[in-house]
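Shared between the two complexes below is subunit A, which pairs with subunit B and subunit C, respectively.
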Partner chain A sequence: MTALGDLWAALPAAAQDALLLAALLSPAPVLAALLLRGLSVGGLTGALLWRFRRTNLLFAALMALSVGLGAAVIAQERALRQGAARAADAFDVIVAAPGDRLRLMLAAVYLDPADAPLLRGEALARLQADSQIDLLAPLAFGDSHAGAPVVGSTAAFVAHLSGPLAEGRVFAAEDEAVAGARAPVAVGYSFTPAHGHGPLAETDAHDGVSLRVVGRMAPTGTPWDKAIVTPVEAVWNTHGLANGHAPGVDRIGPPFDPDYFPGTPAFVIHAQELWRAYAVQARHDRGDMMAFFPGAELARLNALVGDVRQAMSLMATLTQALVAAGVMAGLAALARLFGRRFALLRALGAPRRFVLAAMWSYAVALVGAGCLAGLGVGWLSARLLSALVEARTDLALAPALGWPELHLVAGFFSLTCLLALLPGLAAYRRDVPSDLRETA
Partner chain B sequence: MPLDAARSGFAPPLSLRDVAVDAPDGRALLRVGALDIGPGEAVGIRGPSGAGKTTLLHVMAGLIRPARGAVRWGDTDLATLDEAARDAFRRRSLGLIFQDFLLFEELSPLGNAAVAAAWAPAAERPEIRARAAGLLDRLGVPPGARGVSGFSGGERQRVAAARALAADPAAVLADEPTASLDRASADRLVGDLLALARERGRTVIAVSHDAAVIAAMDRVIEVADGAVVAAGAA
Partner chain C sequence: MRHAAALALLIAFAAPAAARADGGQVQPALTEADVGKAHEAGHDHNAGEPDGDDHADDDHVAAAPFGLVALHPWTRATAAREALVFVELENGAAGPVTLTGARSPAATSAEIVAFRLVDGVAAYAPIASLPLDPGAEITLAPFGLAIRLEGLSEPLARGARLPVTLLTDAGALDFVAEVEAADARAHSHAGHSHD
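So, the complex of A and B:
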C-alpha cells in the first residue's frame, strides 16, 4: 500500500487526474464487454433510438442542461478564484493604518471604495528608509471619472502594474494621467475628476482641475484596467493638501518628504525577492502600521467561503444524482412501454442477456449523448457566466472545463450506466406470456 | 439434437404426457393426458375462446413450463429445462407467429425477418439474413422498405412468417395467424406457410378459429375447458 501510495504521489498531477478519469469511466466499457459480448444489439437499439427520437432528444437535452450547469458552476467558481488570485499578484505587500485588512485588500487590489484612516509622514519615513523595498507606491483613492476610479500613485507603480504601456507614455507631470486598458477615456482626452464614486459622486467638486490622459496601460485582467491612474501629487493638490514635497521642489514621484506628506490610506510594496517581502512585512506589521500579504488575505477569504464552495460542489453532485434518478425513472417507464417488444424478443428465443443488453445500451446511448452535450453546455455556460462576472468585477476570468468537471461528468455517466442495469433487469425478469397477452 | 435434426431436414416429433398447467391461484388451466404430433405434420388447434388453446401452444413453445408432465421434442423435454435452456431451444428449433403480427415497427422488413441474427453466433448471421431475404422475396414483401408501419395486415403477417422461418426451425407455432387478415390475405398466408414448411419437412402447429385454416391442416386438435378433448383428421 505504501509503495502504491508513493508511486501515486510521485505521479504528476495531470497523470493522477487522467488515471482518476479513466477509473471513473471504466465501469461502462467493462459492462459493455460483459453484456454485449457475442450479441449484435446495435441495429435494434439504433432503430429504437430513432423511432423515439423526439423523446430521446428531450431526455438528452435535459441531461445535458443539468450536467452542463453543474460543471459550469464548478468551473466558474474556480475561474473566479484564480482570477481574483491573479489580480493580487502585483501587490506583494500592502501597508496601511491598523484596521480591517480584508477591507483594505479589497480597496487596494480590487478598487472597491472604502474609507480608511491615513498613514502619515512617520510611516512614510520608516518605509522609505527600508532598503529591502524595491517599490514603494502610495495609493490615493476617492475620485472618479465616468464611472472609472481615479487613483493617485507613482509612475513606477504604473510600470510595475502594466509593464510596457499599450499606448502613449507614463505621466511625467501633475496634470497628466494614464488610463487603464479598458478605462472609458482615450489618450489625449482631458477631464476633471469627480469627488467620490457612483451616483453620489460630486462632479463639480474639483472644478478647475484638468487632467490629460497621456498613455494607456496594457491589459492586466484586474479592476485596474478600468481605472485612471494619476500622480498621487495630483490627488493631494486636487483636495487642497500638501503635495508630498517641500516648497520649491518641482517634481513628481518618490521620494516624498515626510514633513509635507499629507497621508495615504495604503502603500503598495514590491520586493524583488520573496524572502525580502516577508522581511518587510514582518518589520512593518506593528505599532501604528499593519503590513500584510493580499494573497494571504485572499486565501483566508477563500478558506472562509470554502464551505460555500464545498456546498456548491455537493449541490452540483446531488443535482446530478437527482437527474440520474429522474433518468432512471424515465427509463423504467420506457422499459414498461417496451415490455411487449422485450416479451416478443424472448418469445423468439432471444437470450435474457440480449434484452438486458438492448435496454442498457439504449440507456447508455442516451446518457452518453447527454453527458457529451452537457460538457458543451457546461463550457458555454461557464463562458457566459464569466462574461457576466467579468462585467461586474472587472476581473479577467479564464473559464475552462477542468479535471474536476470531467471527473464529475464521468462519475455521473458511470453511476447512470450502473443504474441503467435496473430497468434492463426489471425487463429481464418479466413474464413473457403475460406481457405477450396483456399488451396484445 | 433438434437443430441438427432440423438442418438435416427432419423435424423431431412432439409428445406431451400428463401435462398440467395451473394458474397462480391453483385453478387448472390446462390438462393434457397424451398428445403426439409427428415430424412434418400440419396440425390445427381449435376450440372456444378461453379454452386453453394459446396456453397449450405456449407449453409446446416452452414459454410456459407445466407444473407436471413432459413436453418432449424428440429427446428434449422442455418441462425439465430451465428458462435459459428453453430460450435456447426455442431460438434453435422453433419459429413463432402471433395473431397481431408483433413486428418491430422501427425495423425494416428484412430487419424484422432477420431479427434472430442479432443474437445468433456471428458465423450464422449472414446465413439467417440471406434466408430471411429469400423468404421475403418468395412471400412478395419488399425487403428494403424503411419500416413496416405502412404495411397492410397481410404484408405484416408475411413478414412475421418470414421471421418465423428465417432461422430454419424444426417447427412453426402460430397463434391465430389469420385473425387480423381478410380472407384473401389469410388464404395466401396459410398456403405460403404450409408450402414453405412442407418443402423442408417442418412441423406446423396453428391455433385458429378460422375454419379454412383448420381445413388446410393435416389434422385438428380440439381443446375445451382446458383439456384436449379430441385429436383427429382436419
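So, the complex of A and C:
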C-alpha cells in the first residue's frame, strides 16, 4: 500500500486531480453498464424527456441552481483568499513599533487606517545601517483626499509596488504625488490633503498645502489602487514637522537623517533573497521594534479559518444532496404517474429491468443536464460575487472554477446517479395487473 | 454489488470535500490546538551546561561547543514522508554563525526552508544559508523558518523522539525533536524559559 501511496505522492497535482475526478465520475458508467446491459432505452427515455419537458426543465434548473451556488461559493472563497494574499506580495517585511501585528498589516497592506506609535531616529539609523535590506521605505498614513488615502513614502517604493507607471512620472519634489490606478484624481490635478479619513476628515486642516499629481501607477489589484502616494517629506511638511533631512539638504528620498526624522508608523522592507528577508526580520524583531512577515500573518489567519472553509464545503455538498433527494422524490412520484404506461410495456413483454433502466436513464439525464448547467451557473455566480466583493474590498479577484469545484460537481453527480435508482425501483416494484386495471 | 458501490462512493465523496478544501497547503489544516498539555512531573532542566553535541539529560535544550544553543525542538506527528522540525536557536558565540543545512538519521535528506506566500500560494522554499548575528535569537516555527526532513524512514507518532543535526559553518549541533500532536502549533512547553 505504501508503494501505491508513494506513487500517488509522486504524481503532479494536476494528474492527482484528474484521477480523482475520474474516480468520482466512475459510478455512473458502472451503473449504466449493469442496468442497461442488453436493453435499448434511448427511445423511451427521449420520449419521457420530451413529453414532460417543462417539468424536466424545472427539475434540471433547480439542480443547476444548487450545484452552481455551491460551486460559486467555494470558488469565491478561494479567489478572495488568493486576492488578499497577492496584496501582501510587495510587502516582504514590515517593521513598526511593538503592538498589534494584524492591525499594522491591515493598515500598511490594505490601507485600513489605524493609529500607531511612531518609530523614530534610532530605529531609522539601525535599519539604514543594515546592508541586507534592499529597499527600506517609510509609510506615513493619516491623510486622505476625496476618500482616497494619502500615504507618504519614497519613489523607490512606488517603483517596487507598481513597476513601470501607467502614466506620467514618479514624484521628484516635495509638492508632487503619484495616484493609484483607480484613485479619484487625474494627472495634473492639484489638491490639498484632508487630515484623517472618511467623512469626518478635516479638509481645512492643511490649508496652504498643495500637492500636484504627476503620475499614475499601474494597477496592482490591491487597495493601493485607490491611494495617492506622496513623498514622505510632504507628509511631514504638511504637519509642520522636520522634513527628514538636515537643513540645506535639498532632495527627497532616502537616506534620511536620524536627527531630523520625525517618525513613521511603519517601514516596509524588501530583500532580493528570501534568506535575507528572514535574517533582517530576526535582527530587528526585538526590543523597541517589531518586524514581521505579512504573508505569514495572513497564512496563520487562513489556517485558523480553515475549519470554516471545510464547514462551507460540507454545507455546499449537503445542500446539493438535499436538492437531489427532493428531485428524486419528485421523480419517484412521477413513476407512479407512469404506472399505467410502464405496465403496458411490461404486459407487452418488456422485462422488469427495462422499466428500472428507463426511469434511471431519465433521472440521470435530468441530473446530468442540471450538473452541466450548474457549472455554467457557478461560473456566472462566481463572477457576480467577485464583482460585489471587489467593490467592497478594492482587491482584484480572479474567480475561476477549479478542481475543487469540479470534484464537488462530479461527486454530486455520482451520488445522484445512485439516488436515481429510487424512482427506478419505485417503477420496478409496481404491480402490472393493478396498474393495467386503473382507468386513465 | 450496489451496496458496495454506494459505500465506496460515499467514502470517495467525503474525501474531496475535506482534502481539497484546504487549498492544497503543504501542511495539514491547523485547528485550535490544545497546547496546554500537562508537563511531565519531576523534569530536570539542567540547561546552561554545554555538553558538547551529545544530548543533555534534558532533550529540551541542546548546546554546541561553539556557542549555538537549541531550545525546545519539536515537530508534528505525521504519516507522510516529510516533516518540518521547529526549534528556538540562540547564537551564544562571539561571532556570527551561519546555518548551512541539516541532516537526520531518520530521513534521507534535510534542508532549511522558509515560508513564503507568493501570488496567493503558500509554500516552504529552501534557503541555502542563514546567518545569525552574535547574541541573536531566532525561532523556527510554523509559517516561518523550519528544517524540512524528506524521505522519513517511518511515520512519526506523537511522543516519539526525532534526532536531528543542524549544520553550521562553525560545526554541527545535535538535538532531539519531540513529536507533538499532528495539529500542534507550538512546542508543548512554549512560553517557559530555561535558565
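The rule we apply is simple: the second predicted complex is superposed on the first by the 437 of 440 C-alpha atoms of A that agree within 3 Å, B and C clash if a C-alpha of one lies under 4 Å from a C-alpha of the other, contacts with A are read in each partner's own complex, and residues count from 1 in each chain.
Methods note: a residue touches a chain if its C-beta (ideal position, glycine included) is under 8 Å from a C-beta of that chain, and two chains touch if they have at least 3 such contacts.
Just so we're clear, the structure is a prediction, and the values are computed from it rather than from any experiment.
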What does the overlay on subunit A give for subunit B and subunit C, a clash or a fit? fit
Regarding the shared-chain residue A:L436, is it in contact with subunit B (first), subunit C (second), both, or neither? first
Output check: A:G83 vs subunit B and subunit C. Expected answer is one of first, second, both, neither. What do you get? second
Check whether A:T319 is in contact with subunit B, with subunit C, with both or with neither, and answer first, second, both or neither. neither
For A:T192 in the superposed arrangement: first (subunit B), second (subunit C), both or neither? neither
With subunit A at the apex, the angle to the CA centres of subunit B and subunit C, rounded to a multiple of 10 degrees, reads 110
On the A-aligned overlay, A:A13 touches which partner chain: subunit B = first, subunit C = second, or both, or neither? second
Name the chain, either subunit B or subunit C, that contacts more residues of subunit A. C
Please provide the least distance in Å between a C-alpha atom of subunit B and a C-alpha atom of subunit C in the combined superposition. 20
In the superposed arrangement, what residues of subunit A touch both subunit B and subunit C? none
Could you list, by residue number, the parts of subunit C that touch subunit A in their complex? 1-2, 5-6, 9-10, 12-13, 16-18, 20-25, 27, 29-32, 80-81, 114-122, 125, 127-133, 136-138, 142-145
Per the touch rule, the subunit B residues reaching subunit A in their complex are 54, 58, 61, 63-64, 83-84, 87-92, 94, 96, 98-100, 102, 104-107, 111, 115-119, 121-122, 125, 163, 167
How about subunit A: which of its residues touch subunit C in the complex? 6, 9, 13, 20, 23-24, 27, 30-31, 34, 74, 78, 81-83, 85-86, 88-89, 273-275, 277-279, 282-283, 286, 293, 295-296, 298-300, 302-304, 306-307, 309-310, 312-314, 317, 403-404, 407-408, 411, 414-415, 418, 421
Hey, which residues of subunit A end up touching subunit B in the complex? 38-41, 43-44, 47-48, 50-51, 340-341, 344-352, 354, 432-433, 436-437, 440
